[in-house]
Each structure stands twice: as C-alpha cells, then as structure tokens.
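These are the structures, in structure tokens.
Look at the two complexes coming up: subunit A is in both, with subunit B in one and subunit C in the other.
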Partner chain A sequence: MFSDYSWADLGAIFAMQGFAGLTLFAVFVLMALGLAIIFGQMGVINLAHGEFMILGAYVTYLVSTFFAEYMPALFSLYFFVAMFLAFLASGALGLLVEWALIRHLYKRPLDTLLATWGLSLILQQTYRSVFGAREVGVSLPDWMMGSLPLTDLIEVPINGIFVMILAIGISTAVYVMLFRSNWGRQVRAINQNRDMASAVGINAEWTDRLTFGIGCGVAGVAGSAFTMIGSTGPTSGQLYIVDTFLIVVFGGTASILGTIASAFSISQAQSIMEFFLSGSMAKVLTLLVVVGILMLRPQGLFSMKLRK
Partner chain B sequence: MTDDTSKRKSGDVNRRAVLAGGTALTASLFLPKSVRAQDYPTAEINTTGLAVTDDAVTIGILHSITGTMAISETGSVQAEKLAIEQINAQGGILGRKIDYIQEDGASDWPTFAEKARKLLVNDKVASVMGCWTSASRKAVLPVFEQHNGFLYYPTFYEGLEQSPNVIYTGQEATQQIIAGLNWVTREKGAKTFYLLGSDYIWPRTSNKIARKHIENFMDGTSVVGEEYYPLGHTQFNSVINKIRLRKPDVIYAIVVGGSNVAFYKQLKAAGIDMTEESPIVLTISVTEDEIRGIGGENIDGAYACMKYFQSLDNDNNIAFVDAFKEMWGEDMVIGDVTQAAYLGPWLWKAAVEAAGSFDVDKVREASPGIELTSAPEGYVKVHENHHLWSKTRVGRAKPDGQYEVVFETADLVEPDPFPEGYQ
Partner chain C sequence: MTFSSFMTRKEAFGFLVLAAVIFLVLPLALDAFRLNLFGKYLTYAFVAVGLALFWGMGGILSLGQGVFFGLGGYCMAMFLKLEASTPENTAIQSTPGIPDFMDWNQITALPAWWEPFNSFAFALFAVVAVPVALAFVIGLAMFTRRVGGVYFAIITQAIAAILTILIIGQQGFTGGVNGITDLRTLMGWDIRSEAAKTTLYFVNGALLFAVLMVAHYIRKSKLGRLLRAMRDQPDRVRFSGYNVASFKIFIFCVGAAFAGIGGAMFTLQVGFMSPTLVGIVPSIEMVIFCAVGGRLSIIGAVYGALLVNWAKSTLSESYPELWLFGLGALFIAVVMAFPNGLAGIWSERIEPQILRLFNRSKDDKTAPKRAPAE
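Then we have the complex of A and B:
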C-alpha cells in the first residue's frame, strides 16, 4: 500500500494525516469530556449527551443571527459570546434535567439509560418543532474559515487549530476543577463512597446536580465549536453519541486522563488507516481493535485503583 | 406533526396561490373544460371499491414528518399539498374534489409499510404520493403490489427497479449522471475523477454507473480514487488530503445528510476554493434544500447535476415558485425532489382523466405517454417503464444558496432504469 507513493509524498502524507489526526483528537476530546464527567464521575449513562451538544450549536446559531442583525461590526467576535452562552444554556438544562429526572434514578443506573434515551427523543422533537426539521446554516466569521499553507501539499485549517486550542483549554479547566478545587474533591469523594461523603457533611445532592450541569455545559461548548465542522440539525447529536461513548469506555470510565489517551489513540489510528484504506474499512478496523482491547482489559486503558 | 404541515387544511384555498397555479396550468393538455361529477357516475369510474364518492376522492400522503428524514421529506409534503389545492381550485378530478389522508412514516421503514397497508386496506385511497428514501420505497413495494395500490415516488434514485404499481417522478441514475459527466469533460476538459460517497446503495450504484461511463464510454478519462464513508460521518480531513495528493480534475461527490454539511465546510476550511475550479466539485446530492444547512458561502462555486433548479427561468416555474412561497412562506427554498413531488398529483390527474376512471388498472394503462407541458421543469412525459422523460441540467452554486443554470440537455433524456453496459 505504500508503493503507490514516493518518499516525499509519504512524508507529506504522514504530516498531513498526523495533523488531521490531531484535529480529530481535539474533536473527540471535546465530545467526550462532558460525558467523562457525567458517566465517569457519576455513573449516569446519558444517552442525551448529543442533544445537549446540539443545544449549544443552536445557541451559536441564534447568537450568530443576532450579531449579524444588530451588531454586524462585532460579528467576528460573536463566537466567544456564543460559546459562553452555550455553556450556560446546556448547563442550565442539565441542572433542570438532573432535578426533574436523573436524581430519582441514581440507584437504578440501567433506568437512566432508558430515561435519557427518551429525553433525547423529546429534545430532538423539540428542536424540530422550534427550529424546523431542516438543518440551519451557521455563518462563521471570515477569520475562522481559511487555512495556512505550509507547503505545496500541506495546508493547516484555521478552525482545526481553534478546536485544538479549545480542547486544551477545556481539558485543563476540567482537570483543575476536578483535582484542585473544593468541588472536585467533593465529586471524587462521592464517587468513591457516597454514604461516607454525606456523613462528613458533603451536600451530595447539590454536588451531583452541579456535576451533571457542568458536564452538560461542556457538551454545549463542544456543540458550539462543532458548528465549524459539522451540521446543526435536530438529529445531528446522534452523529456523535456512539464515538463519544466509545472513547469514554475505552479510556476507562473514571479517568479523565484515560479519556484523553483513548481519544488520542483512536483518532490517530483512524486517521492513518483512513488514508491507506477506505473510510468505512478504517472505521471497522478501529472498532475491531477497540473491542479486542476491551475484551482483554474490560476496565479500559486507565482505571482508578479501587479496593475490591 | 411539526411546523408547517398543520397550518393549512385542504379546503382553505389560498387565492393567489391558486391564481398562480391556474396560469401555470392553462397550457395543460388535459385541462378539463367543464367537467361535472354527474357526467361520471361513481359506479362506473370506481369499480374496485376505492374511496371515491359523488363529490370527492381520497388519496394518501405518506412521508416522514418526524425523525431523521423529516429534514428532506417536508418539502415533498408541501409540494404535494400545493398541487392538490391547485387541482381542487380548478374543479378537482372528474368533477371530484381531492381529499387527502396524511400518514407519518416516521423515518422508519417498517412503519412506512404498516402505514401504506393502512392507507390501502382501511382507507382505500385511490393513489398515494409518498416515500423518499429507497429503503422506504422497497419497504412499501410489496404492500402496493399485493393490494394493487398506485404510488407516485418523487426522489432521484439508483434505478434497477420498475414496478407496475409505481410511477417514478424523479430521475433514475443514468438520467442524472451521464449528461453531467459528458458536460464536465466536454466543457471543462476534465480527465481525472475522484468518486466519493456515503456508504449505502444509492451513492454506490450511482458511482458504479459513473465509473463505467468514465472508463468505457468517454475518451482519455479515468478514475483516480473511489471512497465511501459511513452515513453520518463528520470527519473528512483524510479524504481531503488524499484528494490533494491525487490532484483529480473533478471531485464527484455523492455525500448525503448531515455528512454533507461537514464535507463542504471542511473542504472550504482546507483551502480548496471551489470558485477557482481546481478541482471542480460536481455533485448529484446537494439541492437548494441541503444548501440551507451547508451555508451558501461554504459551497459557492460547486456544480450540481439535477433536472430542476429553483432558479429556472420559465413561466411555469416562476408561477410555481410564487405559489409555493405564498402557501408556505417567503423563506422557503425548492429543491429538485420537491418539484418532482409536485408533479405527482398532476400526473395522476392527467392519467385518471385519460382513463376516465379511478380504477388502478385503468390508470396504470393510461399512464405511459401522459404529458405535462405545465411542469415547472418544463415538458415531461411518462415512459413505458414508468419513469419520466426529462431534461438534465447543471447548475453552479452561488453564495445566496441558489444555483445558476449553466447547461441543459437539448432534448429530453430517456429514462433507462436497467442500463446495459453499466451493470
């Protein structure tokens, strides 16, 4: 499969594909972080994760329309406002959902699967009723659309770089919050032993709600960023959900670092294979390898050390 | 039931829409002068127990208005309702007003089959306008053949089918592909092609026909790559890199659904400027409907090969676009399939009037040779094989989301659902 290409070509291929893989990695990290918090720390199987992302995308759409209409001079900056509002909107919806639905189901993890699946259908149909069945077009500021030509063959898309910076920023923020903040310590304490954590005075109920809200908020930011590379429609969230769960489970559910490592290995493997095989075959092989590794190591790549 | 579909009932006739439709259709060969229902006693024109009374006939509309496919099928429903309303305003069919029963296929193929059975067995509808994906058509086909129903199917599709119970008002694959490839080779001097598609039957069959045509029926042209991605795939950087390396003259893209949006956005972000035509992007899967989601600025300069574009400059089409917007809102766009769906009720009306009967067997017999001079796409005619003779056109996408027509075939292209030499 290498013989079709010259050495110079191969060099360029690996550089280009390496970068494509990095972009994919950043996308995966953004998708998976919110779920890693919710699924990893709380054990809630949130099948409506994609719909929380799409809420962020719709908020971005509304903000872009608003700026284009009322503040065209500031249009090039709207994206930052949109990401912030997306975080708030998805986070607020997350708080509401936790209060109304999830908190009644902590003792029954499999029921959360059904409940959140139902929630995802409800949200999809709500988007369809509010925004219409067709996808909406989110217009982007010009500076985000171009690419930087490095060599004749290699061009680096600017939105790829943007997604990468965003992924690094959000991962860092999540890491700091989980491991350096009071809230993070409480979340981890509840994760390890709920009753004991309550006994020492941690408000488990409120911490859960906040955790769920923050996880959903991160999903909203991811959805906002994905308006650059994907579609914004009632069912677009479905496009991401499988990959998202794959990454979180493969990485080891309770580990943020595992999520990042798993996103990196899956994205690089897929991106290199996509080049030499067809797109569908690359996906099949990636999934096969993941299934194989999970059979040998059911706890995923990284796992918390727990006394069993 | 979502957004627009519930706004208007069939009896609520919109004056301007009707007037516009009326002028568009005065040219119809089958325009009835003054048909009265009593000239056609119900017992004579309905011998098989269909839902026909002395003053009304009931048909079915069967599309997805919920679920994934609602995005595509909503336009078809709107077009069919517009056609029905216009026909009613002209006096209906054989003096009878058309009523419709709408069922929701819910983007689920077994549901389509179940609803089709309900329409045919319980409601006894005289014909059905419906289905969009090939999968839904394949699911209802046995039902229509078993209960002898009559379906008007609007979508351009892969061909390789011809049912006595279906009239295909969209293009089969060769009608959509061959003229476009000939055009890009002749006018743009294209020699090398990169074929790309979503991974299911329509893109694969279409690309197979395209490959055969490129390799066997044109001089000096070749395929330098062929690639499929799963439906819903959102990362196209790898294939864009491959395209950059192979340097094809033409990217022949049959990507569908949400993937479409990702593909064009990433193509643009990767620095491939379609307005400069290096490479040329030629697609058969992006209508004006899809551009709304993609964003006009992201697909500016791409070429699409269709039989209809909203921007077609003829009197029929101008009246049709006006009436459509009047009924469904100013910001509506009309894609190829929406126009094909609009033809369904009109073709059925013409066939019923030619047969002088609603009986499915007689309508089927009368269908081949039915002509419409009033179609927005121009003159069309039903072929013996139940597909339509129609022109093929190439349009170039503009930033405002419309296509500028740059080429159309001189003559109608004969439908050929089982093309020899292309299998």
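Then we have the complex of A and C:
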C-alpha cells in the first residue's frame, strides 16, 4: 500500500495524519482521564461518561451562542469561560449522580454498569428533548481558525495545537492533583485500603463523591474540546465510549501515564491507517489489535502493583 | 436422573404455565401481525436464557451477546439470500446469480467464504458452530488468564463494536448497514406469508422449550452447582481441584450457542438480518431482558424478553420520546430496587401471599421466608 508514494510524500502524509491524529488524541486523553480517575481509583464503570462529555459540549455551545449574541467583542475569549462552566456543570451532575446512584452500588460493579447505561439513555433523551435531535456546532473564534504552514507539504491546524496544549495542561493538572494534593493522597489511600483510610480520619464517602465529580468535570472539559473537531448531537458521546474504555484498560488502570500513552498510540494508529485504508477498516484493525493485546495481557500496558 | 430429581413439582408447574402462555394464550389473544411480533421477541428470549445461565449463575456479564445473535442470524441469512438469488430472480443484474447487494458493489463473483452457505446442512451447522467457536476463543483467552467482571464486560462490548463496524464497512460482502434483506424461501417454503410466520412462531416456541430444558438440566446438574460456587467463591472451587476456566468457557459457549440459534430464528421470523441487531445497544438491551425477568431464573428470562419488548413496541408506537426515558429508568430500577427481577418479586412477595391465602384455613402462621427462585 506504500508503493504508490514517494518518500517525501509518505513523510508528509504521516506528518499530516499524525497532526490530525493529535486532535483525536487530545479528545481521547481528556475523556479517558476522567474515566481513569473514576475507574482506576474507584473501580466504577461509568457508561454514561460520554453523556457527561456531551453535556460539556452543549454548555460550550450555549456559551458561544451567548457571547456571539450579547458580547461579540469578547467572543475570542468565550472558550475559556465555556471550559470552566462545562467543568462545573458536568462536575455538579457527577456529584448528584454519585449521591443518587453510584454510592449504593460500590459493592456491585456489574450492576453499576447497567445503571449508568440506563442513566446514559435518560440523558440522551433529555438532550434530544432540550436541544433537538439535530447536531449543533459552534463557530470558532478567529484566532483558532487557519493553520500554520510548517513546510510546503505540511500544514498544522491551529485549533488542533490548542486542543493539544489543553490536553497536556489538564493531564498535568490531574497528575499533580492525584499525586501531590491532599485529595489525591486520600483517594489513593482509600483505593489501597478503605477501612484503614477511614480509621485514620479520611472521609471516604465525601472523597468518593468528589472523585466522581472531578472525573465527570474533566469529561465536561473534554466536551468543550470536542466542539472544536466535531458537531454535537444527543448520541455523539456514545460513539466514543468504547474507544475511551479500551484506552483506559489498554493503558493499565490507575496509571495516568499509561492512559496517555495508549490514547496516543490508538489515535495515531487510527489516524495514519485511515489514509491508506477506509476509515472503518482502520478503526476495526486498531480495535482488533487492542482487544487482541488485552486478551494476551489483561493488565494493560502499564500496570501498578497493587495489594489485592 | 429420575424425573423428580430433574424437576420438582413447583418447577414443572412453572414450565407448564409458560407453555400455556406461549402455545395457547398468546396465539388465541393476538392477531397474526402481533403474533409475528411476539415470535420476534421469543427469539430474543433464547439470548436471555443463555444470559441467565452464565450471568445469573456463572457471574460472567457479557455485553456482546448481540455478536453471537448476529453471527447465527447472518449464517442463516446468507443461506436464505443465496436461495433467493437464483439466476432467474436476479436476471436484471450485471452478474446474475449473486446476491443483489454484491452486484450493487461491483462484485462479480461469489466470494469463496460464501460458497459453503449454498448447503442448508452447512448453514445449520454454522448457526451454532460459528458463535461457539468465537465464544471459545474469547473465553479461552480471557478466563484462563482469570479475567472476569467488568474487564470481560468491556472487552465483549468492544467486540460487539468491532463486528458492527466491520459489517457496515464491508458492504459488498455483508450488505452493509441495510443488512441482508429480501429473503424469500427456506428450501422452497415461502417464509413471507402470514401462515408461515405463524408456523415459525410455534417452531420458535418449541425450540425455546428445548433450550429451556437444556438450561434447566445444566442448572440442576453438578455443573450448575459448581457454577454457582464459582460465582461466589472462585478460589475455593479452584482449591478443591476444579479447573474454573474450563467450566466458564463451557457455559459461555452454551450461551453463545443459544444466542446463535435465536439469531437464526430471528432471521427466519422477521425476514432480514442487519448490523442494528449486533452492536453495543442491542447487546446491552438483551442483558436488560434477562435482568427484568430475574437474572437467576431461566423462566423469568423468557417473560423478561417478552415483556420488555412488548412494552417497547407499545410505548414507542404511541410515545417515542417516552420510551428511552422508560428504558433508562428500567435499567436503574432493576438494579437499585429489584435486583432479582420479576422472578424475585414473584418468589419474595406474591408467592408467600398466595401460600398464606391457601394455608389460612389450616394454619394461621405466615409462610416461611424463601430464597429467591433459582
């Protein structure tokens, strides 16, 4: 499949598809980070995670419409406001869901899976009733449009770079929070030994709730980033849920670095193969390889040694 | 095994009631169109019974049952499609004698892997063998590495996603997103007529009972007791010298075979097969059929499949928006409030009441508490 192209062409194709893949990578990382927190630290499977992301996307859409209508002068800055509000909205919904649903099911992980699927159906239908079945898109501010020409053949879209920077920034923030902050220490302590952690005075219940909320909030930010590369519909989130779960499992749960590495390899493989094969076959091949590797190495790429 | 050790009087009564519902009540109460719909629901019940075996008893949750359902269905659909695509029927195509969707996709010869499906015997064999083979490979890879629980669920869900994308992407070989449609006859017998669909309904019911008997036998046998033991204390079973993985692989394959049979019957009953029955959404809905009926009860699984689908048709006909809310709420309710489903409600609430009514004359004491029906 490579024989029709010269080396220079191939290099350019790989570079261009690679950069296109970086945008996908950024959304994957942002979505998977939230899951990695919730699944890796709490062992809870949240199948409604995609809907939390889409909530962030809708919030971004609302904010951009609001800015375009009432504050056109500040339109170039709307994204930062939207990101913040998306985090708050998804995080608040996450807190509510943990309180109403998840906390009753910590002992029954398979049932959590079914309950959160039910939640995702309800959220999807809610979005459809509120925002309509048609997909909505946001208009990007001027400074995010266009692309930077690197060489004659290679161009890099600016919004892709921006989403990348965002993903790196938020990954760093999550890493610092988990491994340097007081909250992170408590979360990891509960993960290792819940009874001991409670005995030394950690409020396990509240920490769980906060962890779930933060994971959902990060998904909301992912939704903000998502509006830059695709349009938002009620079921857009569902399309990503399998990919992100595979990313988290593939990377090895409870490992932020592993999540990033696996998001990178999956998005790049998919994006580069997409040029040579049809999009669907690229996806099938990528997923098949991931599932195959997971069957041989169920603990994922990077696994932490945990006392069971 | 004598009859009384195979089935207690209470269990026999449960099967008789189900038989009466399927073979007498529904055919008498419904017109041909509705009965055909219920025939479709019965094919889902095959999957639900399999789920009750390996999810309820074995503790293995598969979110990819649509894969096995679809594979069985596609095997049957390929045979029927080849039978429908005679050179006379497809004379207007540029290549007569091959399925119409291949012709639309500029394929000029039947692919080699379609050839065996000219034989009905091979198709029947493949309906069971293909799902079982896939389940065996998945089970071998996962269970021997002691992967279970949510990891297994996620992997099976990913497999459902992969198969759907593959079927939709390979339009020329699989019929793409439309699936394999316009199926006409089975060995010369027209399956599209109303009479044929009613006959198929009864065939479905009979096959379902055969499957139920197999499931019941497994549940009652030593294998069934081992499965329950493995679900609750896998390590103890392992230390007793049993190979846990091989039992799990076996029961997973049995579930896949049931789903494959259900898929093949679906193709016959409804007259098409498409990727909309394979993917993530249908697969997880099949789990809810089983959960609503009671994940421990094989009879409950059948009622669950019938009830949920009946509610779906009725609600989505009149209030399409409400249905998703209802289904979502059903998922949550069945997990939060009724973890043992309808069978649990029956054996915990209704049955003691009935017993109390009958016993009142003799003995005023309340009926003893029972464990949920298994």
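The rule is short, and it goes like this: the second predicted complex is superposed on the first by the 306 of 308 C-alpha atoms of A that agree within 3 Å, B and C clash if a C-alpha of one lies under 4 Å from a C-alpha of the other, contacts with A are read in each partner's own complex, and residues count from 1 in each chain.
Everything below uses one rule, namely that a residue touches a chain if its C-beta (ideal position, glycine included) is under 8 Å from a C-beta of that chain, and two chains touch if they have at least 3 such contacts.
Owing to the predicted nature of the structure, the values given are computational and were not obtained by experimental measurement.
Participant: Go through the superposed model and pick first if A:125 touches only subunit B, second if only subunit C, both, or neither.
Facilitator: Touch status of A:125: both partners.
Participant: Using the superposition on chain A described above, determine whether A:139 touches subunit B (first), subunit C (second), both, or neither.
Facilitator: Only subunit B is touched by A:139; subunit C is not.
Participant: Going by the contact rule set out at the top, does A:278 touch subunit B (first), subunit C (second), both, or neither?
Facilitator: both
Participant: Figure out whether A:199 sits in contact with subunit B (first) or subunit C (second), or with both, or with neither.
Facilitator: So A:199 meets neither subunit B nor subunit C here.
Participant: Scan A:288 for contacts with subunit B and subunit C and give back first, second, both or neither.
Facilitator: second
Participant: Looking at the overlay, what does A:165 touch: subunit B (first), subunit C (second), both, or neither?
Facilitator: neither
Participant: May I ask you to decide whether A:10 touches subunit B, subunit C, both, or neither, giving the answer as first, second, both or neither?
Facilitator: Neither subunit B nor subunit C is touched by A:10.
Participant: With both complexes overlaid on chain A, does A:176 touch subunit B (first), subunit C (second), both or neither?
Facilitator: Neither: A:176 stays clear of subunit B and subunit C.
Participant: Let me test your reading of the model: by the given contact rule, A:77 touches which partner, first (subunit B), second (subunit C), both or neither?
Facilitator: Neither: A:77 stays clear of subunit B and subunit C.
Participant: Do subunit B and subunit C touch any of the same residues on subunit A, and if so, which?
Facilitator: Common to the two interfaces on subunit A: residues 125, 128-129, 238, 278, 280, 283.
Participant: Which residues, counting only subunit A, touch subunit C once they are in their complex?
Facilitator: Spelled out, the residues of subunit A in touch with subunit C are 43, 45, 101, 104-105, 108-115, 117-122, 124-125, 128-129, 238, 242, 245-246, 249, 278, 280-281, 283-284, 287-288, 290-291, 294-296, 298.
Participant: Spell out the part of subunit C that touches subunit A in their complex, as residue ranges.
Facilitator: 61, 63, 138, 141-142, 145, 147, 149-151, 153-155, 157-159, 161-162, 165-166, 168-169, 280-281, 284, 287-288, 291, 321, 324-325, 327-332, 334-336, 339
Participant: Which of the residues in subunit B end up touching subunit A in this complex?
Facilitator: Within the complex, subunit B contacts subunit A at residues 2-3, 65-68, 70-71, 74, 199, 227-230, 232-235, 237-239, 241-242, 244-245, 258-262, 265-266, 268-271, 289, 291-297.
Participant: Using the touch definition up top, name the residues of subunit A that touch subunit B in the complex.
Facilitator: The touching residues are 5, 9, 12-13, 16-17, 19-20, 23-24, 27, 125, 128-129, 132-139, 145-147, 149, 153, 155, 157-160, 226, 228-236, 238-240, 271, 274-275, 278-280, 282-283.
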